[in-house]
Every structure is written in structure tokens, then in C-alpha cells.
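Chain IDs A, B and C follow the sequence of writing; residue 1 opens each chain.
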Amino acid sequence: MTDGLGWIDRRRLLQLLGVTGGALAANLPDRVFAQTRKNTLVLGIDISDTITLDPARLAQYTSPMTVAAAYDALVTMKPGEYINVAPGLATKWGRTPDGKGWRFTLREGVKFSTGNVMTVEDVKWSFDRVINLGDQPSQYIANVDRVEIVDKSTIDIILKEPKEPLLSIIAAPEFIVMERKVAEANGASAAKDAKTADKAAQWINSNSCGTGAYRIAAWERNQQIQLVRNEHYWGGKPPYERIVIRHISDGAAQLLAIRRGDIDAAFNLIPEQIAALKSETSVRMAPLPSLDFVYMALTQEPEFNKALAVKEARQAIGYAIDYDGIVKNMLGGAALRPAHFLPIGVSGSTEEVARQIGFKQDLVKAKELLAKAGFKDGFEFEISYGNAAVQGVTYQDLGLKIQSDVARVGIKVNLRPVDQVNLRTEYTTGKSKGGVLTFWNPPAVDNWLWAGAVINRVAKRVHWTPPDDVRKLVAEAATETDAKKQADLWVEWQKQMVDQANHFVLFQPVYQIAVRNTVKDFPLTAAGWMLDLYGVKPSA
Amino acid sequence: MSIAEAPVSLRPIAPVQSKLRRTLRRYSLPAIGAFVILIWIVVAIIAPLLSPYMPSTVDVTARLRPPSSAHWLGTDVLGRDVFTRLIYGTRISLTTGVVVVLVGAVIGTLVGGIAAFARGRAEELIMRTTDLVLCFPPIILAMAIAAALGIGTTNTIIAMLVVWWPKFARLARSLVLVQRSQEYVEAAVVVGLTPSRILLRHIFPNSIGPLIVLVTLDVGNAIITFAGLSFLGLGVIPPTPEWGSMVSEGRELIEQWWVAAFPGFAILTIVLGFNFLGDGIRDWLDPRSRRR
Amino acid sequence: MPQYILSRLFLAFVMALLATLVIFLLANTVPGDPVLAQLGDMAASNKEFVAEWRAKWGLDLPLWQRYLIFLERLFHGDLGVSISSQRPVLQDIRDFAPATLELASVSFVLALVVGIPLGIMAAVRRDSWIDHVARLVSLIGVSSPTFWLAFIMLAVFYGGLQIAPGPGRIDSIALPPPSATGLYLIDSVLAGDWELFHDAAAHLVLPSIVLAAATLGLITRTTRASMLECMQQDYVRVARAKGLRYRRIVIGHILPNALIPIVTLGGLAYANLLTGAVLTETIFSWPGLGRYTFRSAVTLDFPAIMGITLIVAVVYLIINLLIDVSYALLDPRVVR
């Protein structure tokens, strides 16, 4: 060091590093929210998919939670009850006298967040806007012919196909009531030319004009959504002054934040991170049941795969998969498994039913079926999947698990990772040559939406033509009014679908949300908006 | 200026070193590099003898076990033995690295050599094409091509080759241009030898040194790039064990560090091996460093 | 000389256009359909709806027409609207670029501050322990896979020792400073929020070390080689013979000359840092261009892919142009 070129000696260097290390630790910010904290609810969640908060343009996964807090629909669904709807802005409903639609009686004295009283015009206008904007939500109510005002507290929704279900669909946050005057003042339109005339998207993204418990105060993309209390809420004074939905994309960061108490709930933890929270006494795990599921669709087009065209061969795959290993080991038990396309919790689908009629691993039976199908020595097929994960389990890991399971009965799987776009293109256009691992989440809660999808859209993708009696069965089940009979019809339908063996439901996630004990009530719901924000209450 | 010719050592103090020590110093890094590469090659070949497990055996009841005597490097999310997957993974990394660089070098050298000899429009066209490829960041271009071709080892290699050849083309062209102006080549031209003969018999042997250096250093580079693409999900098709995808599978498991840490360390050692070796060869071929 | 610069400028322009064409064709050879990827299941099954959506994004037009539309908009400074975020691509890029710029700049400075002195020391004290350390550091730097280094850093300093903050630009619960430049280090100072400045700086430590590693290796090596080259020049011997102090020779004579190739390399390395942060940004959840690019690529968001490629290519071309021009200024023989 005689040259003195400025090189620091080793001791000094270590000192410096030590100091830096210490300084870093000291600087880990201790965010203090103490003064406002009690009245503020902070949620940590990945909301990168939120690209709009306009109900009439809604199509994402996380945005409905915010919309459902700011607006109310005519009817709603209570957590845990996914068969019958509950009163919302309507207190009573029934069929119209001519039987062509539904008649709703509006709740008295409901006020918007501006303090103005909700009128029947607001309701009609809101429905018209969804229909005339023609964005994705309009598809779900394609069966609605028109909305008619009867008197100042009664409104009719007239259907094209009167028998098809409506109530559970319009419980979704896409079909809420907006304050017409405010919306129009900010560029909204419900006219026939709304597609081009409506310029309100930007305003609606950071404001709201609904009757919900909270009002949207700000939305900063990929950062946070802020809601403030609606002082005019018809359901009593909402407990929080402010709700902050913080965008935290990364599970590890959510884990840290909830440990430190910076957030009250963490939504995107993987099983390993949940296990790390076990020892934390101030945090509890709240199960968020879902009506989503992960499934494998199997084509039966003989041109693609001769073996898969044989029903027994497909059934053999169904009996070879180790479903328990997937649910118990890979997901740590945080999942259910329905028998077929009706998630557990809806009419005709319970855990008991799933146990009785669903596939279970039975290698002997699988081998018998293979022999019966004429493929005693097994066969080959491919499984395509995208680069994504559900509940911390990647499709790739599921594929690998199935690959190794079916190998035990001599079936060879070739895995085929594809980007999401190609995967969807192939699948929706019926070009998948083997199995497809994918995810199903319904736009609204109704058996008909699932069953209709299976016999119409999804059947086409796997090249199956549903026979007339299956179609008749679905129609019967969808329109049956007796609850018990309806459930039985749905069970019968599931039985037939399991036998058909085109779809294998692998699991129905029960997401694990970490909630701090500063929060008492945390009503998570599977109905599509994850959390009833108006029902969240702090502990005393 | 006679003073300039006086040999002045720049070293303030010139310690007397034994020749042996200096030789050791000079050759120790490349020797270590060569040794590391050799070990990995042996491991790749005898992989089945080194582990009682199969690389793709899934056992979800034994998932995420920490390193132990049964599983030396622990198990991954599907209960597969990390050590077994790691040693089998050597095969893919070594082959893809070597294939990409060798094929890229052959194509690039040919194209660059042709450019230097053809001159004129053809040269302009070739060099602009290399410019065009080089104005994309390699990983982004390779990503786009791999996405367009579909996921799979061969497709990823093709994508990498598209990105890889231009640097060899540029090097080859400049080397040939330098040699071309040398007297012996001019003499050969005067004598009437054909361009291809001049290129192959005279210019090529004289330019091979820098190419060898680039090739050796580049194998490491190629291994890292391939692993990076695999990490992003664009490399091998599972269940083929591959280091980049192994790191990717463990990237969120900070508490189960063994899943990602060991395969990444394997990449580091093998790439370091190639870089030590390439660096050594460069020193050895570089006349300036040989002088002392 | 102006003519030379003009001709190079023209060439760069043509290259940028060609680059968009290449990416355009590449993106369109993919069999996937971006419309189906963006729509919900029900909407995606309705043919009319898909057709309408396709028309909305101009995807129903023939290939060449779509390219022409892209070019025409481009001349009006419009890069189109991203399909997945439904916002102007330029706005997206403007939002994501500062994160990358900040990370790349800090890494670059780090690489220079450590790399150049290390390279100089290595050259001056050739074959000494410091030369070996420098060599080892630079070799390890270029040999470490970024994504793995990032993981190890996080596992050790965040997960294990808990002395470094986790992924992201600032603490998960902190809100970014009011945006003036988009660079949090500067914005937080402007806002007078020192706590936030510390936070942002702390979050930069790990990712910038990871990103700097490879560049550091490169810069150390180049500095050393360049120094050695210059040390053998005649003027050094003259200076030495004149009896100048060794330290003065190194700093006053060798270094300025040795820096020229480093500047060139530095320019390229900086461009690489700006564009090559895909892997680092992925692991550190860094909301920058690298992640944006990757996401756009996997969702086949054509407008976004085209826009970002164009920007990247332009940055590359400008830097290359600057290098060419500086060479021409240094060595007039380049201009034929």
C-alpha cells in the first residue's frame, strides 16, 4: 500500500461493510400508522390484474372485491350460501305475471354516497348501460331482453328464454346500480350508442357513484386502491373510515408485511409461507372457499389420439391419478375435490357426493379398463399446460405428478409446456391433441353456467357431442324448482359426466388468507368477489 | 530516442520469483478450470452410477426434505432427489452449451470469412445483418424466438444460434481482414492461389487463436444463457432435469434454499471452469503476456 | 464529418425500422390468438363478440396493413394501446422505465466505482495478490447466473440474516413519492422524505449488486488489459526515464489513455444493463421494463412488444452511433 492509490485496507473495509450492514438493518422502515391505524383496514393482495373498476367492463379476478364494496346489486349472495340469493337493493322478487321475466321490489330509502335517493330510473339505466356497452359482462346477461319500469319502486327484467336462470347471475358485481346523474355528468352513457358515446371509464376507475358501504376514493394502478366510508350507507355505519387495498405482488413480501402488522390480511401466500406463519399467535388463517377448480380436459378425437377416443382408456387415466397426493401433500390439505364440473357447495355437489361418484385412485381397476379398451400395454398421450400456478402449485408440477401416476399402469405422458396464449387458442378452438391442464372460474354462481359450459362450449373443445338425453337432463335440472329434486338431477348429471371421462377435476382450492387478530369478522366468500368488505369488522 | 530502448521495468520492486512458482501461477487457473470441466464431463457420463434414485421419480410424500444422508442435497416440491437431478442435469447443460457455441462459431466464421473476402455489397449485407441482430438484447430476442417456435430444447438452441453467430462473424471478418493485408497473403494472391485455398490453408490457421479463446469463454456464456431461458420457462421440456429450471422451481422457497441453491452453484462452477480455461488460453496465446 | 454522421444517422433509422419489422413478423408467426387470451371463457366462445373485439384492435386486417398502420401511428409519436393493460404503450413504458433506469444506473455506477480501481490496481501490481483477487472477482462476476445470484442474495441477506429488505422498490406498505422523475431516490429527496429515501436506497442494494456483477467483471478485465497496453507505450518509458513519480505517471499519463476503450465498453455495458434486467427484475419483483417485456411476450401483447422493441433498438442504435462517431472523431481514417 506504499503507493497510496487509495485502496482501503482490509480492516477498514470490513468495518465499512459491518457499518453498512447495521445501517441497513436499522433502516428497515417501521411504518407507523398508529394514529390512523385503528380506523383503517389494509389488505395486502396482488391486484396486478385490475385494469378497470368499471362494473360494466369488469372481467378480472381481483377487481370485483372493490366494486362489490362500492356498489350494491338487486340481490346478493351470503358467504357459504351459493344456492339461494339474498336481498340486496331489492327486498322482494318473483316471476312477472306473464311468466316472461322477474319482478323486483326496490328497498325503501336507499341513498347513494352523494346522499341522493336511489330511484327506479337509476336501476334501469344501470342495466341498460351494461347491455349497450356490449363489453364482456353483457355476455352473461345475453338472455335479458329488456328492463321495464313498472312503478316508482317496482322493476321488471324480461327474458328471452324465461326458463333460464337469472337471479344468481345478477348477484355478481357487474350488475349493480349506479347513480345515473353523477355517472352521466362524468361522461357515462346508457344509450344504444354507448359503445362509442360512453367516456366515463377513466372517472369510474378512481371514483364511484354507488350505494355500497364504501366509496372509491383513489386507484393508483399497481399500487393501491383507497376506499372511504359511505356516510349514507343504508345498512348502518360501516366500521372502517378507510380501506386500503395495497398491491403487493410477491408472497414473501406479504408474509413480511403481515408479520410486522403493516397489513391486516395477506391474500397470496403459498403453502410454504403459510406453514411459516403457524407459530405466529397474532395471525390466524382464514379459509377462503372458492368455486374455482383446476381440471384436466381430455380430447376424444380419434384423429388426435386413437387411445383417448376409447372411453375406457380415458377412464383408466381417471382411476390412475393419485388425487389424495395432490390435495393432501401438494396443497397441504387446503383444497376440496368435486366429482365433476359442479364445485362443492352448489346444488347437487357435496363432499359426500364427490366421494361416492367421483374417480379415486384404483390401479387394479385402471389396468382392467386398459385391457378392456384394448390397450393392455398402455398408450401415449400429451398434456399441455401454461406457465402459471394456482395456490402455489404450478401446472407443471401437476403435470409431472400425473405423468408419474399414470406411468404406474403403463400409460406414457408427454408433457408439453405452452405459453398461455397458445394454450387458450388451441383449447378454445378444439385443437388440443391430448390433455389440457387449466382453471375454471365462473363469472357468476349458477349451476346452469357450469353445466351449460360443459355440454356446449367445453364439449366442443374435447370433440364430444352430448347426446340429447344429456342436454335434456341439464335443462330439466336447471329449471327444476324443488330443491331436493334439483339436487338429485344434478347428481345424476355428474354421474354421467364422470362416466364420459372427458374432464377430471383435480382440486377446488380453499385459499388460505392470513388475517391479523386486529380484525374480528372477515367474511370471505366464494361467490366471486372474495370478501364482503362491508362485513369486515375490527376486534374491539 | 535511445532512452526508450533501455529496458525499464515498470515494477517498482521486482521480487525474485522462482521460475516454477511463476509457471504454477500462470497455469494454475486454467488447470483448475480444465479439471473442473473434466469432473463435470465424467459426472455427466457416469451419472446413473452415482445415485440410487431416478431423476424423475415423483414422491409427494417426501417433498421438500432437507439435505440428509438419504438425500444428500434434499428433495424438491415433488419429492424428487435434488442430487440425482443435478448430476443428470450436467448432460443437458454441457451439450447445449457446446453445441450452441460450436455451431454458432462455424456458421459465424464461414459467414464472416466470406464477407471479408467478398467485400462490396455482399460484405455490406452480411455486416448489416449482424448489426440488425446485435441491436436486440440477446435474451429478449432469444425469448421472442423461443416463444414463437414453441418450448423445447431444440427450439431454444435454434433461438440461441440466431443470436449467437453474429459475434463470430464479426470477429472472423476482422481477423481475415488483418491477415489479408499481411505480406504472405498478398504473396499468395500474386502467386495465383485460389481464395478458398488461401482462406483455408493460410488465413484460417493464423487466425485460429482468438477464435479458440472466444469459443472457450463463450461456452460458459452459452450455458448461462440457456439456463436463463430455462429459468424463464423456455428451455427444456420436463421432466428432463436442467439446472436453470431447477433454480426456477425453487426460487420462491427461501426457507427450502437447497432446491435452488445447489443447481445454481453447479452452473457457477462449470461456467467458472470454462472461463478459467479460456482466460488461461488467452494469456498463453497473447504475445504481449508471453513476453515476460 | 457532418456528412458521415448524417449517413450513420440514416442507417440507424433504417435499422430501427427493420428491427420493428423483424419483431412484427416474429410475433405474428406465433399460432396463438391474443384476443382469445384476453377474453373470458364465455366471451371467447361467442364468434361475433370475438370478431368485434378483433376489429377493435385492428387484428382483422391483413398483416402488411397492420404494419403500415403501426408505422403511420409511429410517425405521430403513437405506439398504440397495449391489449392487456388497455393503456397507451408509451404510457406503460413511461411508467416502467424509471424503475429500470434507476436500477441500471446504480448498478453501472457500482460497477465503475469498484471495477476501474480494481482493474488499475491489478495492472499496476501485476501478478501480485491483488491482481489475482481482481481476476477471481471478475471471473466469478461473469460466471454467476444472475437469477441464481439474486436468489442467494435474497436467501442470505433477506431470509437468513434479515439485514436487507425484500423484493420490490420500496417497502411493501410504503407509498412511492410524488412522481417528478419516477426515480425514487431523486423523488424522495425532492419530497423531503428521508425515510423513504433510505428505504428506496436499501431496496436497491441487493438487486444492483446482482445486476452489477457481470458488468463489474467485464470492466475490471478491460481496465486491466487497457492499462497494461498503455503501460508499454513509449511515452510511459519517457516519463519514467524523466524521473516522474510512478503514481503520477499512472494517474496523469496512463489512465487517461487507458480509459478510452473503457468508455466505449461502458456505453455498451450500460445499454445492456438497461435492457438486460429481465431476470433480475423477475426475482426482485422490480416493476421495470424487463418484467413488462417478459409479461408482454408471454401474453402476446403485440402493441406492447412492438413498442418496447422499438425503444430498445433505438437505445442500442443511438449508443452504437455515439461510439462510431467518437471513433471517427478520434481516428479520422474511419471516414472513408
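Quick notes on this structure:
Methods note: contacts are C-beta pairs under 8 Å (C-beta built on N, C-alpha and C of every residue); 3 or more make two chains touch, one makes a residue touch a chain.
Since the model is a prediction, treat every value here as computed from it, not as a measurement.
Distances from each chain's CA mean to the overall CA mean are smallest for chain C.
Comparing the centres of all chains, each the average of its CA atoms, the largest separation from chain A belongs to B.
One simple way to say how far apart two chains are is to compare their mean CA positions; for chain A and chain B this gives 46 Å.
Chain B and chain C have Cα centroids lying 22 Å from one another.
Look at where the CA atoms of chain A average out and do the same for chain C: the two points lie 37 Å apart.
Taken residue by residue, chain C touches two or more other chains at 30, 246, 298, whereas all remaining positions touch fewer.
Touching of two or more other chains is recorded for residues 12, 147, 254-255 of chain B.
Counting partners per residue, chain A has 3, 252, 387, 419, 422 as the residues that reach two or more other chains.
Contacts from chain C toward chain A in the complex involve residues 30-34, 36-37, 39-46, 49, 52, 84-86, 95, 117, 120-121, 124, 130, 161-168, 171-176, 195, 198-199, 202, 205, 246-247, 250, 285, 287, 298-300. Chain B makes touch with chain A in their complex at residues 12, 56-58, 60-61, 63-64, 77-78, 147, 150-151, 233, 237-239, 252-256.
If you check the complex, the residues on chain B that touch chain C are 1, 3-4, 6, 8, 10-12, 22, 25, 29, 128, 131-132, 134-140, 143-145, 147-148, 220, 224, 227-228, 231-232, 244, 247-248, 250-251, 254-255, 257, 260-261, 263-265, 267-268, 271-272, 275-276, 279, 288-289. In the complex of the two chains, the chain C residues touching chain B come out as 15-16, 18-19, 22-23, 26-27, 29-30, 126-127, 132, 135, 139-140, 142-149, 151-152, 154-155, 158-159, 228-229, 231-232, 234, 236-238, 240-241, 246, 272, 275-276, 278-279, 282-283, 293-294, 297-298, 305, 309, 312-313, 316-317, 320.
The touching residues of chain A, when paired with chain C in their complex, are 3-7, 21-22, 24-25, 27-29, 31, 42, 44, 51-52, 59, 134, 136, 139-140, 221-224, 246, 248-250, 252-254, 256-257, 262-263, 387, 419-426, 428-429, 440, 443, 453, 456-457.
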